[in-house]
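Next come the structures, one after another.
One chain, chain A, appears in both complexes that follow, with chain B as partner in the first and chain C in the second.
Here is the complex of A and B:
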C-alpha cells in the first residue's frame, strides 16, 4: 500500500469512527499530549539552572517535575481539591476544599464564555460556512450590550427588578448586533459569492477598529486612561453570587449557555430549518435539489452564528468586565478550536469548552504554584489542544474530501437490454 | 484454438465483501468473450485482477498457458493485456497520434526527443492494419466519443496488446457507434486478437460475443455459447429467476395538459448553450420520453423544468400556471417529483441516514413537518415503507446513504419520489445501475403512476426503456429536440439516426436511391 493509500485508509477509518470511539480517541490524545508534554518539561528542566532539583531521575536532577506540573494544572483548575506535596505526591482530599472556590470559578468562567463562541462556530460549520468572524461578532455584540445597558440603566429602577428587565434585554441587543454583523458576510456570500473565510477575517479587524473608535471618541469613560466604557452598576451585571471568592463567574450565565446548547441541538436536529442548514452544509447540491433556498439559509445561518457570538460578547461584558474594554480576549478564535474539538456537535461543545477552561485556569495555577515559566505552560496547553483537536480536524478533512475507494460513478447503460436485432 | 486467458479459482475479498468467489474463466484466443452480470456482480473486479490492478486473494491467473503474477498493470501490459476503462484516459488537447504513443514515444537524437513523424506514421500504419477510421492529427477534444474509444483501443494495440479488456464499452455510445465498435471487434479477432468485454446488457452480449460468461454475486454461474442461448436464459442466469424483459405500455387516452414547455433555451454551468428552443407538452396519464446520448442537453432541460436551473429563454407552465421563475421548493410543494440524474450529488445526502434522506424535499411539508418541527417518527415509518416496497438492501433505515450500493441508493430515491404522491414525475435514468429485477419493478411502478393519471417525463439513454414505456418520444441531439415520434411505430434505427443528429427528410424517404447503390 502506498503512503497516500495508507493516509486515505486512516482518514476513512477516522471518518467512520463511532461516537464512543471518538471519545476514546480524544482521551487517548489527551494522555499522549501529557506524555509528550512531560518529556518537554523534563528536557527544559534539564537545560535550565536552578538551586535545587525539583525531581531526580536516574541520578540526574531536573528543575521541573512533570508529575507535579500536571497535578497542579488539573488540581489548580478545580481549586486544589487535593493537596500536592512536592515532589508531586497526591494527598487524598484537602479538608479545606470548597467547590465554590476561586480556581474553579475561573475554570467555569472560561468554560461559559467558550460555550457561546463554540456554539457560534459550530452552527456555521454545520451549515458548511467557515465563520472565522465570531471574534468580531463578539466584540461588537459586547459593545452593544455595554452601551445599551449604560444608556438604559438610568431609566430603570435599580436593584433586582431592574436587573431582571435590563440583563435579558442587554443580551438580546448583543445577540442582535452580533447577528447582524454575522449576516453581512452571509449576505456577501449569498448574493456576491464572496468567500466567507476572507470576509469574516477582514470583518474581525473592522469590528475591532470600529469598537475602538466608538469607545475612544464617543462613548468612553471620561475618568479612565484606558479605552473602555463607563462601568455598569452591579445590579445590571451578572455577579458571582455563589462564589464568595469571586472569579467573575455567574451560574446564571452557565445555565443560560447550557440551555442554548440544548436549543441549538433542537434547532439543528429537530426542525425543518435545521435540516435545511445541515443539508446545505453536507451537500449543497442535494440541498438545492431538496428545495432549500441556499441564499436564505446562508444568511440565516450566519445571523444565528453571529447572534451566538454576540451573546458571548454580552456575557463577557455582563459577567466578566462590567463594561466594554478594548483588547477583547480571543474568545472567538478559541471558539473555532472548541467547535472542532466538539466535532461541531452542540453537546460536544460543553466538554470541549470545559477542557479549555481547565487548561486556562490550571495554567495560572502552574505559573504561580511552580517555577515553570509561563511560556512553557503555554506550550503544554497548546500540546493538549493540538493533540485532542487533530483527530477531529482530520475527521472534518476526511468527510470533506472524497475517500471512497472505488466508487462506481459511471452509468452503465446506454444500450439495449432485450433483443436488438432486426 | 488455444487458450488466451485462464483464470483459475479466483477469489477476491475486500474488507467485508467477497467480490469474486472461486471464479473460473477460460477465454479462447481469437474470440470475443462477454462478461455479463448485474452491477456489483464482480465483473470489473475480476478484470482488474487480470489487468494487475488488484491481486487475487486466492487463485491464479494464466495467460497463454503460463501462470502469471501481476504486480501492476505494467506487468499485464508486458504480458500483452490491454484494458480500456469506462473513463477514457486521454489528454484532450493533444492529437490522436500523440495520445496513442504517449508513454512509449518513438525517440530520435539518442532518445532525447520524440520522433513525431515516426509516431504519426506508426499510428497510421496501425489504424490501417485494423481498418480503423481515425485521423492522427485531430485533437482528442474535437473527435466524437466513438473515435476516442477507438483511440483507446489503438493505444492498447500500440503497446502490443493481444488481449483487450473493455469495461462497459457501449455505455457512452449511440446505437450506430455500438455497431461500429462491434465491427471493430470482428476485425480484431480476425487478426488473432482476443477481446473480453464487460456488459450488463444481454442484447449486446448476444450480438457481439462468441462466448458469454455470466457472473452473479461474484460467482461464475455459467459460460454459454452465444449462438446456443437465449435472452431469457441469460436473464435468468443473471438474476436467478425468470424476468419480464420488455416493458410495454398499453395505449391509454391521456387527459389534460400538465406541463408545457415553450421554446425553452438554457445554458450549462460554463454558460455554453445546452438546450435550444425546445417545445413539448405532457398530459395526464402520459409518459413523454426523451431519448438521446448523454450530454446532449437532457440534463439542463430537466434542471430547468425542475427548478434547478434558470432558463435563458422560453417558458414552462405547469398545471396551467407559468412556473418559469418559480422556486424549486414551490415546484416540489406543487406535486413535482424528480428522480435526479446524479444520485451522489443531488439525490441523497451521503452522510445522512436513510430516515433523513427519506424526507429530502419534504422537510417542510406535512406529514413530516408541522410548525417548523420535523416529525422523525413519521419520517422513519415512511422510510421503512420505501425500504420494504422498493426492496432496498440491506434494510437498515439508520445506515448512512453512503454505505449502500449504487443500485440500492437508486431504488431508495425512486421510492421516495414515486411515493410522494406526485402529479408529475420527472424520472431521469430511473433504472440506472439497478439490477434487472428491480428494473422490472420500477417500470411497473412507473406504468402504475401513468395508469393513475400522473404525467411522466422519462429521460433515459436506454433506448429500449424509453421506447417501451413512452407514449410519445422526443429525441435530443446537441440541445435540440430533433423530433417527437410515436415510439410504437418507429424503429430503433430511425431513433438512433435522430440521436446522432441526422434529421430524416420526410419527403425524401421514398425518393432515396437504394442503399446498395451508394457504394
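Here is the complex of A and C:
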C-alpha cells in the first residue's frame, strides 16, 4: 500500500466513527449545560434579593425560576410567539405574533455572525490547529472593511450600483486582512514551532489595541466621543430586507453565510487541498509521509480560517454597525463553542449557530423579563465546550444504562465530532 | 532519541536562551548608555524609569500572578496534563477572593483572621476546586486537555462577571476599601532600589518563597520525581507501582493551589475585581504559560521570565506617564504581548514532557 493510501485508510477509519453517536454527544452536552445552568440560576437566585420568590423548592424561596428563565429565553428569541406571563403549564399562542419580528431578527443576526466565526474555527480545528484568534482576525478584518468602504465610497455612484460594487469588495478586503492576520500564527507555528493557542490569544490582545489606536488616533469619527469610524452611507451597508429596521439582520448576509458553508464543505471534502488539510489535522505523520507539505498547509489553513473570521468582521460592520466601533462583541470566542458543538463539521455549524444565536438573543429578553444577567450565556458557552470535550463521560453514562457499546475515543485534535461519512 | 541528539537539542535551547538573555542585557546597556549620554532625551527617561525603585516594586507586584500561575503550570504539565486553563483559575480565584471578603465584611475579623485573608484562602480554594473539576474531566473522562482547558477559561470568564452582576448589578465588584497592604521589614527596606524587596505586598514574599520551594519539591523530593516521571514515562512509573493517575491529580490540584494564590493576590492587592472584557486577569494566565516555556519548566527560570514580562508591564505603565513623545498608550500596552510572541517564536522548540497531553491507560479499568 502506498503512503497516500495508508493515510487515506487511517482517515477513513477515524471519520467513520459513528455520526449518530457524535450528534448524541453534542445534544447530551447541551442538555447537561442547560441543567447545570439551571442550578447556577437557582443558586444565584439565593444570593440576590427580591420582593417575592419566583419559585419555591423544598420549602426554600428562590428569586429566579430556571424553567421560567429558559421559557422566556426561547420565547424572547422567537419574538414571543407564546404569552409566557399567563398562568398554567400550557401557554396560549400570542395572536399578534409575526415571524418577521424584532426578537427573531436579533436571533438570525447572531446566527449569521456565528456561522462565519464558527466556520473559521471549524476550518482550523479540522486542520489540527487550535485557532483561538478568530476574535482578533474579526476585529481587524472588520476595521479594514469599515475603512475601505469609508475611503472608496465617495468615488462610487451612490445607490444600488455603488452598493453592488462596494459591498463585495469591502467583504474581500476584510477577508484578506483577517486572513493575513491569521497567517501570522500559522507561520509562527510552521516555521518556529510556536504553540498556536498562545500566539493566537496574544494576537487577540494585540489586534484589539492596534485597532483601538488606529481608530482613536487616525481614522476616528471627529464628531463622536466614542472610539469609532465615521458611519457609512446606507447604500454601502447591508440593509434589512423584510425584517424590522432595528434588528440589524439582512437576509443577504445569511444567504452568503449559507453559501460559504457549502463552499467550505466542498473545499474540505471534495478537493485535494481539503484532503491535505484534514489529514494533517488527523494524522500529521501520515500526512507528511504521504507527501503533504505540512508547513504550507498550516499557513494556508490559518489564512483560510482567518479570512472567514475577517469576513465575519466585515458582516458585523456592514450589517450590524454600519461602522467599526471599539468593544467588538466576543463573536470569535462564541465561534469556538459553535464549532465544537458542530463537531467541526461545516453543515453542523448552521444548527449550532442557530442554537447559540437563540441563546444570545434570548439572553436579552431574560435580562429584561426575569432580571437574570445576560452574562449567563457566557457561562453556558464554557459549559457546553467542557461537556462536549468529555465524550467518555457520556459513554460511561450510556454503558451504565446499557444504551450503546463503547466506541473509540473521539479525536478532538482535528477529528470531526459530528461528521456524516467520508 | 540518541544521546547526541538530546545534547544537540539542549545546546540549541541553551543558545536560544543565551541569545535572548544576552539581547535583553544589551538592550538595557544600550538604553543606559544613551540615557547617560543624553540625560534630557527620551533615553534619559527610559533609564530613569528602569532604575527607579517604584518600577522595581511594581514589577515585583505584577509578577506575582504570572509567577504563581507559571509554577502551577509547571507542576501540571510536568505531571503530564497540559493546563491551558490557568487563566480561568486566576479569574475565578481573583473574583472569589473579593466577593468572599465583601460578604464576610471587609473590616470584620473571624477567629482572629482578618476578612481579607479569609477571602484570600477562599480564592485559593475556589481555584483548587476548579482544577479538581478539570482534573476529573481530563484524567477520569479522558477529555482533550486543550479543549477542556479552554472550557475552564471560558467558564470562569463567563461565571465571574455573571456572579458579579447578580451580586453588584455590574460586571465589576465594588472596591473593598482595603487591600492586602504591605509588609515592611525595618532597616532593610531603607536600602535604595533593592529596598523594594523588603517593602512589598505579602504575596511578593510568598512568591519569593514559593519559587525555590517549587524547585526543591520538583528536583529533590520523591514526589517531584514521581511528577516528572508521570509526564516523561508514565509506564515506568506504573511499573514501579506508583499510581500515575494519582500523581497527575496531585499535579493538577497543585497547579490550582498555586494559581489560586496568584489570582487572590491579584485582586486583593487592588481591593477590587474588574470584570470588563477579558477581566483584570487580561491574559496573565497565558503569559504564564509562555513564561514557564521560556524558563524551560524550571521554577527559577519561569520566575525570571515572569519578572521580565512584569518588568515590561511596569515600565510600560510608567512610560505612559512620561509626557513629550507621541506614542499612543494603547500601542505601548501591546509591548508585553508582542514580547511574549517574540519569545515564543524564538524558544518555541522547547522539549515538552514526552507524555504530556496524552491519556495514560493503566489497563486495569473495568472496561
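We adopt the following convention: the second predicted complex is superposed on the first by the 299 of 422 C-alpha atoms of A that agree within 3 Å, B and C clash if a C-alpha of one lies under 4 Å from a C-alpha of the other, contacts with A are read in each partner's own complex, and residues count from 1 in each chain.
Rule of thumb we're sticking to: contacts are C-beta pairs under 8 Å (C-beta built on N, C-alpha and C of every residue); 3 or more make two chains touch, one makes a residue touch a chain.
From a predicted model like this one, the values you see are computed outputs, not experimental measurements.
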Original post:
Where does A:376 make contact in the superposed view: on chain B (first), on chain C (second), on both, or on neither?
Top reply: second
Original post:
Just chain B (first), just chain C (second), both, or neither: which does A:223 touch?
Top reply: neither
Original post:
A:272 contacts which: chain B (first), chain C (second), both, neither?
Top reply: first
**OP:** Determine, under the contact definition given at the top, whether A:96 touches first (chain B), second (chain C), both, or neither.
**Re:** neither
**OP:** Could you say whether A:288 touches chain B, chain C, both of them, or neither, answering first, second, both or neither?
**Re:** first
Subject >> Of chain C and chain B, partner touching more chain A residues >> reply: C
**OP:** May I ask you to decide whether A:340 touches chain B, chain C, both, or neither, giving the answer as first, second, both or neither?
**Re:** second
Original post:
Considering each complex separately, which residues of chain A are in contact with chain B in the first and with chain C in the second?
Top reply: 399, 409, 412-413
**OP:** Using the touch definition up top, name the residues of chain C that touch chain A in the complex.
**Re:** 84, 137, 140-144, 146-148, 150-159, 161-163, 165-167, 171, 277-278, 282-283, 286, 289-290, 293, 328, 330-331, 333-334, 337-338, 340-341, 344-346, 348-349, 359, 367
**OP:** Please name which positions on chain A make contact with chain B in the complex.
**Re:** 270-276, 278-279, 282-283, 285-293, 399, 404-405, 407-421
Original post:
For chain B, which residues count as touching chain A in their complex?
Top reply: 14, 39, 44, 86-87, 168, 170-173, 175, 178, 199-204, 206-207, 231, 245-246, 293-294, 308, 327-329, 331-333, 338, 340, 342, 344-352, 356, 359-361, 363-364, 369, 372-374, 376, 402, 406, 429, 431-433, 436, 439, 460-465, 492
Original post:
For chain A, which residues count as touching chain C in their complex?
Top reply: 40, 44, 47-48, 130, 132, 188, 192-195, 197-199, 201-203, 205-206, 209-210, 212-213, 216-217, 327, 333, 336-337, 340, 372-373, 375-383, 385-386, 388-393, 396, 399, 406, 409, 412-413
